[in-house]
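Chains here go by letter, A, B, C and D, matching the order in which they are written, and residues are numbered from 1 within each.
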């Protein structure tokens, strides 16, 4: 799964990027609606949001863009990520309806924890949109159980204590968390935040993760050539294929173990 | 009577100035010892003190200068003016002795009012030096009587509310004060502070003053040519003669009245 | 004393719809709700830190020991009680009786210390080693550094690059106190960006660091605990005005953006229906100007930094930063409690334009010898500009939230032509 | 309560030789003498203004009405009582119990307001329309402007051009408050020159203006009345330490040049022989340096600005200006009362060097979150540098005379390398 802030640096590039990713082994596309205050995001994605907003990107244009991607033949499931104020401002029910109409399958709102997710879940259910819940190594046992029980689509496990952004290492607690979750639920587990390296992916998937989410790592690549980002699509495709291969390797190791 | 801060801008000039004044109708010479904090003096004399101190003038050199003037044949009575700290620092008794030895007749300490003058008067008496007391239009009746009773030499009446420095007008209260004093004592009355113009002098003397003190007015003249102050001696002489003439005119008016 | 906002304020007015909504956890929580406002909209990473904080507040705040230390520090270090000053000259000018609640005399120069000491004590009890926080005018940053130093906690202050430039004096004070000032260049480089950055930092270090939230904003339990620590202001006003006037005031006026000084002043009076409460926002140059911060006029409810509140935002739900001259009023959101109180009508929201604010500074300087903070001057501008809302016999308390030393340059530059 | 210094302080220690010398007016007056020190060495022009002031003080100060208004303003406007703060971290560092008497929390940021309000009230009662005064650090000028504005008196502040340059912040505050700041370029352009200039101005306008003397200096009755207004500090220390410790302190430490904050703190303890009193002057870079202000080491008795006092002067009796970094300690004379108390041995005079002072600022910032005024830091430097003079069980009160906001630039510049 790959996370892209839509409109950074241009709408055209984002669409091309998503198609490239889908063609390079990415199973699920996470389309982020740029936010003025992306408090769960690190510097790379914060800058991505700023660029997209400066370029005039709006939530409506994002959703229209998703619809065009679907019309254009994109088949991978689409998860729409939006900080809650955009959803709240649109109206939760209307947002879900629009997202559904555009052809997305799920919604993530990174600043809506389980306790605040009731309205979102109810509205999503009405439209057949899964609201993806997040867990972290700091989520305590009782909550983890309740969240796992309520989760639909997949569970997004946050890999680190902190915000988005590629990191080199990977905390032990992340593997621990996957094991705890596996014992609780059959729902697929996607691991995100801080992922950019083959070994991380291998480790996570072999520990039981069903997939990983990369985001900042991709933005880092094209952000080096903001004047002509399309020239980085090759490299990004290579990166995505590498992650895909690492997933397969992790999977293989798991089966062996 | 004329007041000169000794050493401004040079010792040589001050000596020459004093001789010029004595030769131009000035009856009494008031030699001021420059002070670091001449709080009863206006801007002209404050600047004079600063220049003299910068030139290295000290109380000792002032008194030596007076002795030399006497040796050089100056005959006018000399009043030494010094803020109190110089006198206190020298020792009141020793200061009076030195002043007497140098050939002066009286001492004024502008920051010693009647109530603080006891030690000064006692020490002066021992050396035959008069301590000149000051009165002002703000001096109340009872004190005026006591001061007039204790005065020796002459009474210095301060003409204005304020510090030294030439002024154009002259307050009614000054004439009033002279009349009050005349009723109390035979001791001569010298009027100082703010005097620079013929009409002032005529008015004061005709009202009963026995003389006037000019100071800042003289310093103002030579301060315009600090590079070559000796070139102003002619003008200063003319000024002194004018004041002398005004005194005579005032005197004449008084007799007529 | 409990930890929920209802328990804290003890009033029906604030409890709002809470009772009804609390029933089903996981399906729209009512935790920390003031009417519809409030809540805890944060990434899962921070949930544990917030529940820990909520627990700690509930465990420590009501104890006699905590109260003794908290009140003791406010008294001996902070200088409480601050006076309630009958400003006779100002009263003469406006035509009714004006009292100033002198929070400017609190150590550090504003009401901010009440909250900083309270939270630093909590952090210490929670075993944290570090305080992280954000600041706009610098007043809160300074007070956090003070509280940190007394209690032996390191302090790190995030501050927008624009605010760093215009509040140089307070930046220097923070540096002198040993606090690390971290420039925030994201977004517009102002307060809201600094809050975002501090939240990001907290997500990474919440086990060892406490986020010392600077106003009655942010996710539950922050609005509740900041309001609790600040309500010492209102408690004192109540006792002092009863002593001086033998009755409650007719009105209380406070400036604000997040709302902490207003909530602090208002809380003990919420149930006193005869006490009118006025909240004054930054009006900027005019309501059309892009520096207008009048969120109750131009905003609508929205979610920022963890809470649903009255919010300046564009039609897409993107937050609009404001740019009044008063750095401390530039937060685009109004805290949940003040949002609720203004929506419910208990508090009347108003605003003051920059020109009125500078005039109020001048009047206060000349008539009372006091240089108010630009933030505070909004409340003063309100009574100067809305005399018709008050009667001749009225007793009006203005919460004089801070001194203007930090703003002297800005004020002089503005008044230059006139001085 | 009478008006003479003896009556004011009520102690034998201060009365000194007065009784004997008072007998003969006109032959060495004992008016306003503290031992040999004090007196009224002014030009005849000012005598009436001083006797009027003496009369007015005697007539008004003891009355209940004056006390009610004076104490009321100090409480409600000024923020009195100021706290007595047990500085635990600082205590740990020095090894004995340190209390800070928090005059920094007084409105305006230093002890100066006590005196300014008192004298402005007197001036008002005397029918004056204008206050004239002088200032060095600017603290006194600000407090005079505040007092003037409350009471509807114009304020004019003489300030040396050098001090104007280095205390820019306070100059701006005075301007904002509407006070006229008059630059003094005579002499060295520092405090003593500003005092001289104010005396000159006063000679010309004493009927309508009051000279609001800024410290316990100048001709009688100034040292007496300034001391009386400031002794509210010591009265509070006495009551507060009895409440906190159940006993009097072992020592009180205060910085000073004119001596007003020290006299204010010391007066109520002069007869308590077990309370050691320490007065700390500005040591400058070293005792040989030309910026040293240690008048009790380098000076001798002399007359300046109307009083006989301990004075920095050269061998000819010309006054030597000092130039410590702390503008407020740069007066070359020590007021008559502190001169007498140090000469008689009741008060121990000490000094602190600039390097010790900056170190004390740093220690106080870091340990207590407080930025002291450079003047105040001299007292702190003394306890940090003379720990051997105090016992482990000692209770020591430091008169924390003012906050350092005005000095932040100077301090940062000095500590730059280290921060």
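In the analysis below, a contact is a pair of C-beta atoms (placed from the backbone, for glycine too) under 8 Å apart; a residue touches a chain by one contact, two chains touch by 3 or more.
Just so it is clear, the structure is predicted and the values come from calculations on it, not from any experiment.
Under the touch definition stated at the top, subunit B and subunit D share no contacting partner at all. The fewest steps needed to get from subunit A to subunit B, moving only between touching chains, is 3.
One inter-chain figure worth recording: subunit B and subunit C are separated by 67 Å, centre to centre, where each centre is the mean of the chain's CA atoms.
One finds 37 Å separating the Cα centroids of subunit C and subunit D.
Contact topology of the protein chains: linear, an open path with no closing contact. Chain pairs that touch one another, listed by label: A-C, B-D, C-D. The residues of subunit D lying in touch with subunit B in their complex are 24-29, 31, 39-45, 47-49, 186-187, 192-193, 196, 199-200, 203-207, 301-306, 308, 311, 313, 316-319.
Chain contact summary for the complex, subunit A toward subunit C: residues 35-43, 46-47, 50, 53, 58-60, 83-90, 110-119, 121-122, 134-136, 138-140, 143, 146, 150, 158, 160-163. Looking at the complex, you find that subunit C touches subunit D at residues 75-79, 82-86, 89, 102, 104-105, 107, 145-150, 152, 169, 172-173, 175-178, 361, 365-371, 405, 408-409, 411-412, 415, 419.
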